[in-house]
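See below for the structure under consideration.
Going by the order they are written in, the chains are A, B, C and D; count residues from 1 in each one.
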Amino acid sequence: MTVAIVGIGHTDFRSTTPDVSFKEQMFEAAMKAYQDAGVNPRKDIGSFITAAEDYWEGYSIFDEFIPDQLGAVLRSVCTISGDGIQALVTGAMQVETGLFDIVAVEAHSKASDMLSFTGIVNHALDPVYNRSMNANPFFIAGLEMRKYLSETKNTREQCAQVVTKNKMNALDNPLAAYPGVMSVDEVMKSKMISDPLSMRDVSPLADGAIVFVLASEKKAKELSNYPIWLKGMSWISETPWLESRDWSDALYARKTAQKAFKMAGITNPQKQLDLVEVDDWFSYKELQHLEAMGVCEKGEAGKLLEQGKFNRDGDLPVNVSGGRLGAGNLLEASSLQSVLECVLQLRGHAGKRQVKDARTAVAQSWRGVPTATGSMVVLGSEK
Amino acid sequence: MSDKMKEVPGVYLRDSELKAPDAIVFKSRPNAKYVWTAGIAYSGYLEAFKNGKIIGRRCRECERIIVPPRMFCEQCFRSTDEWVYVKDTGTINTFSISYLDADANRIEEPILVAVIDLDGASEGIGILHIVGNCAPDDLHIGMKLRAVWKPENERIGCVTDIKFFEPLKED
Amino acid sequence: MSFDKITNPLKLRHLVGDMECDYIYTAGIAGEKFFIALRDEEKFLATPCKKCDITYLPPRMYCEQCFSSLEEYVEVPTGGVVDTFTLTYEDRDGEPLDKPVLVGFIRIENTDGGIIHQLGEVDFDSVKLGMPVVAVFKDKSQRSGGLTDIEYFKPK
Amino acid sequence: MTIKRRVAVIGAGITSFRRRLKETGKELSYHAAKMALDSAEMNLSEIESVVMGTAPDAFDGIHMKSENLLDGAGGTGRPYTRPFVGGGTGVFSPIAGWWHVASGLFDTCLVVAEEKMSPVQPHPQTAFRTIWDPITTRPLNPNLVWIFALEMNRYMKTYNIPKEHIAEVAVKNKGNALDHPSAQLAAKITVDDVLNSETMVWPVQRLDISPPSDGAAALILCSEEVARKYTDAPVWIDGVGWSLDSSYWTNRDLVFPQYVAEAAKMAYKMAKIDDPPKQVSFAEPYDPFTYKELHHMEGLLLAKKGEAPKMTAEGITQRDGKLPICPSGGLLGVGNPIAAAGLMKCCEAFWQLRNEAGKRQVDGAETGVCQAWGDLMQVGTVTVFRR
């Protein structure tokens, strides 16, 4: 692949944004991204892609409402009803075909427009087999967390440490919606949602928009002094049937990592990667994803976390941005938040939280309950 | 289908079978509630409605006045520059006569629907609304209309603060 | 980045609404067979894929791994083991429940699948992973075709 | 613009289209995908990527519905994506499949489109209540047909089109559908039947509208190298185009579908077509309403502005005419499970170009164009197929 990210734009992430519509939010992120890339969307950009889901937005056919504020009227525009990274790789594929030189990719969250988030998640469950129980759909995470912890011998305390680490990391991320100094005890004693999953194990929702400008190799070199290259990419869906799940292994993360690492020539992730942004929709997911990706052995992540290896100054910093737990759960846009962090780090623009000599980074995502869909991109400052 | 393949799969299910007492079916209604943020442009738009006026935005680059207002010009891709009131009169760009309600049920008294190009806005800038005080047969493209507002104390800042548009009698 | 913004919070407007409709879902070809056997005969039917050596429960019309059409339905026990479980404190809308629900994933014997259902006649503290459980069916008169025809799974 | 590599279609599958089918969405997807694989004599194991095309979640009544559907589409354990452009999705999904293969990232892609509109009660229309802007439009309590009637009226008035000419589209398509085994509303009707049918939203009458349906369709896409292994008669995707116009549809002139024209120009440029009426042997423009077929013929530059109705009245667009339009029977005849209906058109192009369309076969089919339309009268998706 020879596609690079040459422009980034974003809003702040906030628990609520009553002052702007999703369109005005997108407009701000798009304006900044085009400015950053030095492109005019009305002339230079061939294709525009948004990641969005109707029920997150409260509109059927949300695709209707995206072109104007992206400068995309009467151009090639589409929605990917999926994760932000799926939209990003769609853009990369479009560039690779030779059809376009420059593509814009957008994802956002206007989660605060939802008054019944849990009810909406419940509506994602299979209507025949999984909706009859009157339980918060996060029971699925409760089931998975118990099985995962029991099989790996990782502990609830270690999951709580993921929360404290990510909120702490978010303190140095000016975009983050949920930075904080939270003790392990404060996580452990928080209200139970679905035992062993407690309230603080769940990432809190936030609003925000992110736009990237992608370009072919030739254009990237013209446009940017610091193009960030997509060196590996992969996205996999595993069975949607909860009844066929393994319940402890994140198979989608295992398979995406194998493929993306192979593409990027990564054979020893711990050594070759300078930072990793993994999905932490739920605290245990960070540990589960790290193990599935092969960053460490199954059952090792909790221990390594305790040893500080995943801290910002550790051997392999994980979720320096704060992840979903610290920066806020931006729904489909959270994976682009992870990519954004990687790009800032690889450009050397991450300010106080800059990881030294960052050259190769990974952003990994999961679409949340009840899915088993995950994506990954490997990014590098060198081609 | 290809002439090589002879059968198309799919088992037709009648409404009566679906609703039979022993049918294996699952019913549900989602809890999917929202509070859509109007944002800058639409908050201004609704505020104007409350005051009995229609407001748009001007883009100084293409010099268009656009309604409904937006904070960005989709043609020039830049921020629009200022608020501009337009008139509450206009011309029918196109119309239709509906014998269906929102759930596709038949209604006796048809609803007259029109896109109304507003006076004072740029050419071709219209809004969707209902037409009243008009016989269906009298409706025509190019017809001049004016807004009929609800009384001030009934206006809440909603497009329905205009009850409907009615034919403008030319004197 | 709009040039103009709103500085008076009282002028910020919102509209409330929903995206709700009533839905009736069919159980499908395999689902209908499964639920009729469950309702009328207190039986679990599964569909084996011989090629992949997977026995699906709930039964499927096709094998999702190799796409073989699955036409043979076999009866399997109405019990299995607790593969994992959780105690849920909130209802499907995220509101607190009067009494938390004990939910398990029960791996059904002789199959590669299972059923997510409530666990009964057992305390949260006494449930163990791997514990054998069996389905308790509702009275025939109360069954309507669906997993709700099972009251819960109880320890064997 | 140099396209990295050519993409072939080597298999197609379809279910029956009906008001309601017993199968779940997954099962419908499976039926279509399996038929497509069988027709290509291919196993699922040879599929490297999967694209799912399906219209709004509010029909099936499942949030993130593509996740729920994926095992039926062969998505388990594979890269699986759902591109979405409203009603345009059916013809857009093979475009997404095209970039999966043309990019060089995958050698094969299974493209499936599914729609189950029947779960919505009391009528699928109810799910359309939520497609509107909640600030400017929803308070007016609109019905979806309103806006199409507005567009139709604008089109008729501008070019002075007699309703009789528009009615010919329903007569032709429902008649063509008599030869399509999936068809839901195939019938031998007359222009008078259309003109005398109940008025829904004037000028739209009952027989101007395609029905809501359940159904699924599928295509197998692959690289040239793979295609040669499986068949001597691949069909090529030689042009793709898509375009989305402004959401502010009351600020646009509805008389001409500029978005379709932009998409068509993009696709024709790629396919090196400079005189579409001469170089296109048949077309499957999107026809959820009678006038839309005509509107779209003009958008596809197959007819001059305002002239498609006359061409239709003259019989040029009949299956044995000079430019056959919707030889499948279209949405008006075969049915309208939204995304699946769009992909049905692409399946038709595949069968026509392979000379496998049986009684529906068009003579000398060399190049076929499929097009779909959607959102708020806003999106055009165009694919050019060649033998």
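Keep in mind that, in the parts below, contacts are C-beta pairs under 8 Å (C-beta built on N, C-alpha and C of every residue); 3 or more make two chains touch, one makes a residue touch a chain.
From a predicted model like this one, the values you see are computed outputs, not experimental measurements.
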Contact-richer chain pair [B-C vs C-D]: B-C
Chain B and chain C, separation of their C-alpha mean positions in angstrom: 41
Whole-Å separation of chain centres (CA-atom averages), chain C against chain D: 36
Chain B-chain D separation of Cα centroids, rounded to whole Å: 26
Where chain C touches two or more other chains, by residue: 1-2, 5-6, 12, 14-17, 19, 21-29, 31-32, 64, 92-93, 146
Touching two or more other chains - residues of chain D: 20-24, 58, 61, 63, 71, 76-77, 119, 122, 126-127, 129-130, 134-135, 246, 248
Residues of chain A touching at least two other chains: 18-20, 24, 27, 54-55, 58-60, 67-68, 73, 115-116, 118-120, 122-123, 127-128, 131-132, 239, 241
Overall pattern in which the protein chains touch one another (line/ring/star/complete/other): complete
Partner chain D, residues of chain C touching it in the complex: 15, 17, 19, 21-32, 61-62, 64-67, 69
For the chain B and chain C complex, residues of the former touching the latter: 11, 13, 18, 22-38, 40-44, 46-47, 71-72, 79-83, 157
Residue ranges of chain C touching chain B (in the complex, touch as defined): 1-6, 11-27, 29, 31-32, 35-36, 39, 92-93, 145-146
Residues of chain D touching chain C in the complex: 20-24, 26-27, 30, 33-34, 37, 43-45, 58, 61, 71-72, 74, 76-77, 119-122, 126-127, 129-130, 134-135, 138
Chain D to chain A touching residues, read off their complex: 1-4, 24, 55-58, 61-64, 66-71, 75-86, 92, 96, 98-100, 102-105, 119, 127-128, 130-131, 133-134, 240-248, 258-259, 262, 266, 270, 374-376, 378-379
